[in-house]
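Structures given as structure tokens follow.
The same chain A turns up in both complexes below, where it pairs with chain B and then with chain C.
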Partner chain A sequence: MTTTTTTVKSEKEAQKDRSQARQKEMIANHFKKLARAKEDGKKVVYTFVPGNLAELISALDMLPVLPEINALQSGMRKRSGAFIQEAEKAGHSEDVCTYVKCDLGMLKKGNIGPTDEPLPPPDLLLLSYTGCFTFMKWFELLREEYKCPVVMLHVPYQAGGEITQEMRDYVVAQLRDEVIPVMEKVAGKKLDMKVLQQHLALSRTAEDALVQVWESARHRPSPIDGYFGGVYYVGPIFSSFRGGQDAVEYYKELLEETNDRISKGLGPMTPDGVMPKEKYRLVVEGPPNWTNFYDFWRMFSREGATIVSSTYTRVGGLYDTGFRHDPDKPMESLADYCLGCYTNLNLPSRIDLLEKYIKDYQADGFLINSVKSCNSFSVGQLLILRQLEERTGVPGGFIESDLVDPRYFGKANIENRVQSYLQMLEARRNGGR
Partner chain B sequence: MKCVVGIDLGSTTTKAVILDEQGEMVGRGITNSRSNYEVACQVAHQEALISVRFAMLERVGAASENGTGERVKALVPAVKSAYRLELYLHGLDDLEQVIAAQMGRSLLNRGRASLEPSVKRILAMARENAPALFAANAPRRSDFFRDLAGAAYVAGAEKLAKENGEEFEPLVAAYDRAILEVETHALQQDISTVLKRAVNRVAREQKDGEPVALALVRAADQALSQPLHEVAFVGTGYGRQTLPFPREAVRSEILCHGRGAHRIFPGTRTVLDIGGQDTKAIQVDGHGVVTGFQMNDRCAAGCGRYLGYIADELNLGLHELGPLALQANTMVKVNSTCTVFAGAELRERLALGQRREDILAGLHRSIMLRAMSLLARSGGVNNEFTFTGGVCNNPMAVKVLRELVVQNYGDKIHLNIHPDSIYMGALGGALFALDDLRADKPSLLPTTWAAGAAA
Partner chain C sequence: MEPTGGAPGRTAADPAADVLEKARVLAEDLALNTVKAWKQKNPGMLAIGHLPVYTPRVMFEAMGCLPVAVFGAGEIDIIKGDSYFQSYICHIPRSTVELGLGGQLDVLDGMVFPSICDVIRNLGGMWKLMFPAKMSAYLDLPQNFAWGLGGRFYMGELKRIAAETEKRGARPLTEEGLRRAIKAENARRRALAELDALRREEPHKARASEAYLVARAGGVMLAEEHEKLIREFLAAARKRTGRPMDNVRVVVAGSFCEQPPLGLIKTLEKAGCDILEDDFQLGLRMIDGDIELKDGMPALESLARAFTERGRDTASRYVPDDTKGQALIRRVKECKADGVVFAAASFCDPALLDQPMLEHALTRAGIPHTSFKFAENTGQFQVIREQAGAFSDSVRLWGGQAA
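Up next, the complex of A and B:
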């Protein structure tokens, strides 16, 4: 008989898939390149995950730095707490987005990246503004610190729930008339359209594979975890690697792993190894907590709960509703990519998407992890909860934590809620028993 | 008799409920949660077991022969009080030993020579006054040893300080240190031995009724000899994860509270439970199955502890707050949602000359407004609405809640409150244990506890 004392058995190092090891290596290489950027004469562009123009950056032979990724990596490596305190010492309030504070704190502590390599200062801040108001303030702060040029791509919010031709034209015009000229000036070279098209073609290949990985969750048991595992799956495509051969190889391997698990009838990889039995299928809205990522994951995986789909894994690109980067329409597809990121969707569209996931992946329930310091996305989440319950009849759960501030992760409280929620699903399934 | 047990380990109190195989509640017990959760559970469990024995004693006693039945039955409340008295005396002995041992260990305690006789005198006074504490007409008081012994000890220390000029602080410090340890001691004696002693004490007092005394002793023997088999068990509540319970025997308190409330009031669709540090808003369906819930997060302002803190600030008992607030002429608006700030605001308003009753009324409203917000988040208040947890014993809390429900959800909502509502979580746990028993997969108590069942 298992006892509760054994469930808190030593949290040994989390088990990982081959593709995860490959990704780790890719990231380490990227940070090495960044550390050598000045010596190698490479220009460095800081930009955000949602709406990142990775193909343009690489076509101009520049290197991207993604501050949110650094922040979440710092969170996972237990460094964010000290960085946040550093930023608070500099005057940033408790209520400010903790990604921002983590990033600023890291900068103030010498800008040593998560892999212990120094991060180069930016030659350009490329502000792709996709739904998150804080992004603008963040780069205003970085501009003060680095005194470097900023170029802003203003992506109109999908207030009406669709991308209109006017919106697309507006973004394309900005790319053509403002963003690309500034990037070319910083890069010291002209954009070669053919090179951009090659990168876009590689993006599309990787995106096709990723969508197949997402859709594999229709199987029972699902071979993937579309949230905790999913944040690894989106790692390359959301960050520096989209448009490159490395990402194509990564997604090929990930898809092979996934298909292999399907053929063997296996569940997803979890920190404790392959999940032995799928008991619950859930959809999750909201980002994970990074400071206690594995604790948080284990709260689900040890109860047999697989996350079959999530919206957080669509913030850097929404591909499973059909969008792909298109080498034949380079500017339009870059515009559509930015316009279509999950962060740029209005509340009704977010509800529609969640409803689709709940139904497509036959979820038993859905859970919202609401982040206190994320003003842009936490607002309206209770409305999302109510609407989804009404539309799907599937029960929703609600928990609160934070991105990278370890002070806002109350393990006992969160575990209590997760367990209560899962036991509620069980009780409902058994008609009360 | 076969029975199942549910234990609700709360942050303030620990409750146990025992059901028979038919699902009838045959026993229940409560104690204060303390630094040692396992002991708290064992004590609550023992309390529940003893209440089963009392119920048996009542039944067996009523059937006593030679026309003594009614009189024997009428003595059961006195036996209960005598039992409490015996436990209390036992606790005082333990307290004396612990204080002596701690003084012996403390090399820094230079005052030991003068303190020890004073402690002995204080505890002797406490023993002397003990029977009055448990007399039939004694005023309402706490049921917990910590509170009773603490009050008696402080009174004794004050007396010595006043009459003999002894130093009050070191005396009380000795108590404060010792009580923490005393509370971690599980009852060393078998509860049937204590019960027998209580029965004998009451029997001795029956001056002109030898047949009644004999019948009582006989009934007690009979009640104690009936075997009690605890065949299934479920634990719930805040501290459940810390206990050596099988994983299968641990259920979320959300499910347990929802189910317990629905069992008592089958029309229940929304449950509000305000405990020591949690406020839970729970929606249940027609079968008592939870369909949604919300809990307070990160902050326990607006929970039972808030009232406890305010009571301490005012030097009042927790149970006095509600009745006092009911005497308000007006409701002062309290702005602080933080418990500590509310304490400061209370002092400030008192200093400004506002009435205590009026401020207390405002504090009650402030708690209930937080509860209303959680209820709204959980899906609102649906008919019928059941209020549970320790705070529902507070009449002002209930009054304010009723008003707010009418304001926000109209006057068609029926509000249920039950005197046993503090036991809802444990009751729900016991109902799950009964399910497990019926499904032939019961979880059993840790073997170290099994001895209690024999009592």
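Up next, the complex of A and C:
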């Protein structure tokens, strides 16, 4: 087994696909637009990734800011530790979500975004309360800071394992009676349903392409990494770009790259270039660590471990079970989108989905990265581990870290666990137990 | 001998000693012997457990069920429960699982998991998998309080859970049954309000640690019986002749889900705090005032409206307007408290995320406050006693400037 601790390249030195470069440019442009928002007369909406209403925001010609994305970007840029400490100095508990503290710390330090440009304050906090209670507290905290309007969209939880008509009706009624009127008031214009439908149609096109990219991992070797690479793949569709032409172009290019790798029998792009040999196929549950993202990725890629599917990449929309935004049913499909995000699924449904991924993608194993910050993900993961092993016979691994608090990423400890886990898979493959 | 002030209920002659002992046995009944006895007396009737914070117990009573509060397991050793949760998860899910796997909850026919946080929500999903033969219902309390939106949704939730409970053998939910149960519930609520008033006005007669036991005992009782117990305590406590102590008057906030150990509450009292109000058993006080029954309005709508229109501000409930902390300040003023003690369970996201906002609101209002964390199985109180003592002294001496 090779060691992964030598000559770790920085993020800047990591090799990237064309689509990644395109995405970087898209993001840079978006943050430039945000920096100019006030002078351009654009209204700014802060909102969350799961259950985000990107099409509504763009149909009203507003610009979204996603605090989770800012937090994870701060993590990747090694700034989150200082931001978190800033929030803790201001009285926030060490026990709570580090995304929240990172965002509050960033705000207290001038709200400079990931591209080093200032982020505009929100004209509206659009609280899509989907799959995470902390979101509610987060925007209550931001409301204290910004003193701007907040509109809440309460998305019921899929406790029974399905979206019922009552749930859909409730979400649609809130959209119709509260969310859209408040957004229209802030935007200073009425929602044009035809424009919304155009955005929804563009979403659907991008979603079709993304699903093809996900499903390419059925190939051996998998041409994609569905977790570490996957977080790049979902970047545009989870954030500011869903419903726009840029996202359609991005996913077209991503799919072309993926198909090109399939035709050449190539594995996924990793920080060290194309993975030379696929030795292990894994499914991962739980968000990644962002403070040491590339170290974390290399712990797998340098051992020939490809993540063929993951659940984190479904938090902003679960498309590979069939959902698509539908221009013919705009409100209903926005509701179903919000209701269907991964963290809005109950625990039995999450286990069913993981089991499906393990089987569909012929995984050798599955790994749970349990993050301290996120109770929505983490509570129940040890039961998920047991249940999945029982149902599939595939061995599971369990590691712990955090989203953006560098104090909770024990590199040596995690690396030891990952290596031991992969050694165990190797031993099983060779007939050992 | 009558208690001579400050700490009644500790001598044989204390008029409240018997009722307090009765309450203690009920409050500490983790084996649910009371529930077993109730089921023996009422063959075929269901006992339905519920997690904190708020579940409309009255609906289950209307269906002939005994609602049972499952609010953790205090200081018992956790062996199996710990293997299901990471170290950074709060304590109540692990003690609940411990009780479940240990068989103490076998007497329950179902469990209700109200939507208060991600932990209790996911615990509901775990329950479905771990105890598949039992009813496991998630109650999605609305966060939108407009009647035509959240109110309507909530009515649907109540009907759904009532139907699920009926399928398990409960009596159907009828208008007449619900009205009767609401009347009993309102009577209990008035008794609780009287108890709260006594604590505020004569805290030396009814201490928080005693009110806690009396309130928590209601977790395994029907409202009507609980009302009798509260009134029995009230009658006894009013007979006490102790005199007020030179304590500071505080409100305790943040303990609405995982319950602090009784020893911790007593520690605060020993440190010189009269706890005039708290959120320890918030579910019983979640609605301000009565559940109003009106002619022409279905009782279920009355119940739902009581929550959407008069639900108490707490961390698990969205505060739509920019009034964060105002409800707490109002309570502090109403009970003429000197300050606030924040006591949140470790790793309790709602309480701990809420706390800075509440602290800022109190600071702006010039109300002193202090904070600490606990777990339901916390066994060492010395540090808390010193902190609370310092807070109490500083409030007494300097009006909280040094707090």
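Following the convention adopted for this analysis, the second predicted complex is superposed on the first by the 420 of 433 C-alpha atoms of A that agree within 3 Å, B and C clash if a C-alpha of one lies under 4 Å from a C-alpha of the other, contacts with A are read in each partner's own complex, and residues count from 1 in each chain.
Throughout what follows, a residue touches a chain if its C-beta (ideal position, glycine included) is under 8 Å from a C-beta of that chain, and two chains touch if they have at least 3 such contacts.
Bear in mind that the values here come from a model prediction, so they are computed numbers and not experimental data.
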item	value
Contacts of A:173 with chain B and chain C, given as first, second, both or neither	second
First (chain B), second (chain C), both or neither touched by A:410	first
A:382 touches, of chain B and chain C: first, second, both or neither?	both
First (chain B), second (chain C), both or neither touched by A:400	both
Which superposed partner A:129 touches (first chain B, second chain C, both, neither)	second
More chain A residues in contact [chain B versus chain C]	C
Partner chain(s) touched by A:97 [first = chain B, second = chain C, both, neither]	second
First (chain B), second (chain C), both or neither touched by A:137	second
Residues of chain A at both interfaces, chain B in one complex, chain C in the other	382, 400
Residues of chain A that touch chain C when the two form their complex	90-93, 95-97, 100, 129, 132-134, 136-138, 140-141, 143-144, 147, 150, 152, 154, 156-157, 159-160, 166, 170, 173-174, 177-178, 346-348, 350-351, 370, 372, 375-376, 378-383, 387, 400
Chain A partner contacts - residues on chain B that touch it in the complex	238, 240-241, 243-248, 250-255, 259, 287-295, 297-298, 377, 379, 435, 439
Sites on chain C touched by chain A in the complex	83-86, 88-89, 93, 115-119, 121-126, 128-130, 137-138, 140, 142-144, 146, 148-150, 152-153, 156, 160, 315-316, 318-320, 322, 324, 344, 346-350, 352-357, 359-360, 373
Of chain A, residues touching chain B in the complex	1-5, 7, 382, 386, 389, 395-396, 398-400, 408, 410, 412-413, 415-417, 419-421, 423-424, 427-428, 431-433
